[in-house]
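Order of writing sets the labels: A, B, C and D. Residues in every chain begin at 1.
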Amino acid sequence: MSSVSESAVLLLSCPDRSGLVSRITHFIFERGGNITDLDEHASDGIFTIRVAWKMDHFSIEAGELSDAFTPLAREFKANWHIHFSSKTPRIAIFVSKYDHCLLDILNRHKAGELACSIEMIISNHPDLNSLAEFYGVSYHIFPITKDNRLQQEERQLKLLKASCVDTVVLARYMQILSPAFVQRFPNQIINIHHSFLPAFAGGNPYKQAYARGVKIIGATSHYVTEQLDEGPIIEQDVIRVSHKDSIKDMVRKGRDLERMVLARALKAHIENRVMTLNKRTVIFV
Amino acid sequence: MSSVSESAVLLLSCPDRSGLVSRITHFIFERGGNITDLDEHASDGIFTIRVAWKMDHFSIEAGELSDAFTPLAREFKANWHIHFSSKTPRIAIFVSKYDHCLLDILNRHKAGELACSIEMIISNHPDLNSLAEFYGVSYHIFPITKDNRLQQEERQLKLLKASCVDTVVLARYMQILSPAFVQRFPNQIINIHHSFLPAFAGGNPYKQAYARGVKIIGATSHYVTEQLDEGPIIEQDVIRVSHKDSIKDMVRKGRDLERMVLARALKAHIENRVMTLNKRTVIFV
Amino acid sequence: MSSVSESAVLLLSCPDRSGLVSRITHFIFERGGNITDLDEHASDGIFTIRVAWKMDHFSIEAGELSDAFTPLAREFKANWHIHFSSKTPRIAIFVSKYDHCLLDILNRHKAGELACSIEMIISNHPDLNSLAEFYGVSYHIFPITKDNRLQQEERQLKLLKASCVDTVVLARYMQILSPAFVQRFPNQIINIHHSFLPAFAGGNPYKQAYARGVKIIGATSHYVTEQLDEGPIIEQDVIRVSHKDSIKDMVRKGRDLERMVLARALKAHIENRVMTLNKRTVIFV
Amino acid sequence: MSSVSESAVLLLSCPDRSGLVSRITHFIFERGGNITDLDEHASDGIFTIRVAWKMDHFSIEAGELSDAFTPLAREFKANWHIHFSSKTPRIAIFVSKYDHCLLDILNRHKAGELACSIEMIISNHPDLNSLAEFYGVSYHIFPITKDNRLQQEERQLKLLKASCVDTVVLARYMQILSPAFVQRFPNQIINIHHSFLPAFAGGNPYKQAYARGVKIIGATSHYVTEQLDEGPIIEQDVIRVSHKDSIKDMVRKGRDLERMVLARALKAHIENRVMTLNKRTVIFV
């Protein structure tokens, strides 16, 4: 984790066949990579793998690696990506007025739990500016109205592009992104929804949960797709409630869930432990 | 729990007002009852209470108690019931072919965890007869077809009535009861549904859960009402799943959830810890 | 919770006998109190109760209440205390260099989750000063050496007294308090220990846990007594670990546990839900 | 899981070095094995791996495989074992009078959750004979006194040997096995201890837990070594308790923990997911 040597991670899925692990690991071995962690699973004809290796004695440059691997991947008809520890994700955090998820991410980042760079915070409100300042992250305000949403998104996209942001975290951002925005970041926008999806999608999930009388409430972190609250689920967790808990108490208990679940999802994403497959995710632990 | 002295439990809800606890506990005290457990809560203008007391030195008979309490209850505009430890619930367990929930209940009962009498097991299949025999419970087979359902229910109801059954447990009974049957046992039919309701109501919940890619699966025990899977929830619990879990693995993991959740719901019901209020339940722990 | 009307809480334990609840609730009722929450339990000859009531129409002043209740309490041979919502706890937080527990408490307090006033932060290091400043709490540095410990404690005690602090929170304070200090705050110093006590008491619990190969690690919040890590336990929680977790990973996972467990313990303490009984605690939920 | 084709599992640990995964998977691939699941991890200079593959098109016989792999393993200085699905573990269950763990194992076995053969049940009491009979397993009674313990163990060992038993499960067997017995089954005797080890080792753990006032109780399944309750931990789990729970309630809640934890440990053992390493276990999930 704190190793200074460069490392790489391959995420790959393809139709299952004989020899896949052997050939992939041989490819890494013959170029001098030392595999530190490998998790592979095949079922229902689908092969999925995550391999991490140290590149200290690697014989080719990081830049050439993808080219070198392409023929193999093509032969396997694979979906794949190689990530390098030297190129950490660049993230932007979108917030509205709630501070709990934002604070959680900022402090975990400061503690060294999240190997990414937080490029900026974007909000439709000025409220969390001082928090951003305390952690030394730039804070950009884009007030959203019914009429200016698409223009503001255009400006946001320019800003994200200028900073080479590759991952967007919606840390209780109370706006719905347009399809055009979502399409720019496929499986790279992470949202936290304050319910145990698919239960209580949409607005006011705690109120819905209270009305239904559930004994357990949850939170769900998922990739954002064009269908609201229907993207691939990355992480979920739950907590018990009782008849003594008002909606307000659920909101309070839910805050802890939301920030924990979002932080775990973000950490998994950053460490390249998430693969998307048929609207579901594979999480390599 | 193992006390041989008789005890009573009052469950009561009513509009909140001053003096309710004082007057209720005074009523018990002046008749010689020693309160062992009391849980009261008032919010949103609703008062709910569960009081348990020992009747060793009680000055009036159990039979007269309800009459004596009626004037107070009327004044409070209360929904209420008094239960006596001497009159344990008489239950019937409905099953189809799965044995895990049935076995769990039978063995807990044998271990003294469930203070009820198991009057009979009713099934649409002969498969679990030997299990019933092993535990010494009578087993009645009512094959169900599209055409004979209502007649068979009539016969079942006669049998239940003849044995003074007051609580019906659907321990993975794969038939839907008719409204007429349900109405005969208001808040006294306990079902186990193999999902975290309201997510994945209806058939094949594990298949639905697999398709949606949830990271946690659940089970829900609830009272049966005329709306399928929409009755007041008594208990829920969950377990983690991963991409390595097939639907079959979910079914296996779910079995443990189902029997634990159903057993806890049944235990709470039997110990008069469940109060139904506006389609939700209050569980006194 | 957000009610502006004054409320009171009675915590009481005494030898069990008939009529206790009735007489206590009658005492409150005849003075105009409206009970909102009552939890009572009697077993093994010990009676424990927590009653909360609104004082809007109370006929006597808060100040006179304890005097008025004394005769009853004496008759019951009770340990008891009455707390008023108008007199919120005044707490001091002791820290060293770790910020996660401190930040958690400060932000929960800001969010309105903790009904107390945070009077000051005391530390043996300057590191967390800017965090204190951000939340507007005074920060006092008392460097501790082997030789000056008792003198520094004397100075700390003066400061605590000057601000009428009644509750001390050790939020990963890496010093052991002297018996003299501890005796000044009986059952009012709350510590967080980073293990599932009584397993792994003393130093380096994560290292101990790693060496033993446990599959679950925990954190424990307890009142501080003169015996290190042996005070009455208020709250505990756990999280799974695997062979892929290094000690460093345990420390990271443990941070979330520590702050959650400490926050829950502190909240229970502040809301007068904790009663100490024979070296154990009763927690009224 | 229900595949009828033969499969194999290799468990291996050795000092870490470059090329291990590649060479191991190449060994399997070039003999026609199709890898279905592989989990590898290297840290602190130790390499651990579990590989499972289908043997449908395997070019050599199962019997020759170990010989063929030996040169590689020797070069790696590895601890290793290859298991074949055709050779399922043969287990003996030791019990005293408690039935919950035994019943749980027998019924899971019947449901197809445990891919082993249950050769016999051994007990020092006749109590659970009818249960064994119901599931069609032979039941052998060896009454144990202070004086006959070693002789009875000798007789038990003969019986185990005659049935080629390789795994012994202590399902709440209330006797301590002699070192001589333990040495005959290194890392093949699985015990369930009714506490969260290392807390509350030895006798009466629930009584100890009650006295200490813990808020959570646990159960631990571990391999038996000559040091009582100190063997490598395979699985643990916990459940919350409150002040309303008597020791008797803890015993009841603990029963569910014990059987779940033991069943999971046994399942992991049977599926060759457990590797022992320096008094700790690696569990491949």
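Things worth noting here:
Please note the rule applied: contacts are C-beta pairs under 8 Å (C-beta built on N, C-alpha and C of every residue); 3 or more make two chains touch, one makes a residue touch a chain.
Nothing here was measured: the structure is a model prediction, and the numbers come from that model.
Farthest chain from chain B, judged by C-alpha centroids: A.
Our note on geometry: chain B versus chain D, Cα centroid distance of 37 Å, whole angstroms. For this pair, chain A with chain B, the centres built from the Cα atoms lie 42 Å apart.
Each of the following residues of chain D touches two or more other chains: 37, 41, 43, 242, 244, 246, 285.
If you draw each protein chain as a dot and join the dots that touch, every dot ends up joined to every other dot. Listing the residues of chain D that touch chain A in their complex gives 16-23, 25-26, 28-30, 32-43, 57, 285. Touching chain D in their complex are the following residues of chain B: 1-2, 37, 99-100, 103, 107, 111, 113, 130, 134, 242, 244, 246, 248-249, 252, 255-256, 260, 285. The part of chain D that touches chain C in the complex is made up of residues 41, 43-44, 48, 196-200, 211-216, 218, 232-238, 242-244, 246, 277, 279-283, 285.
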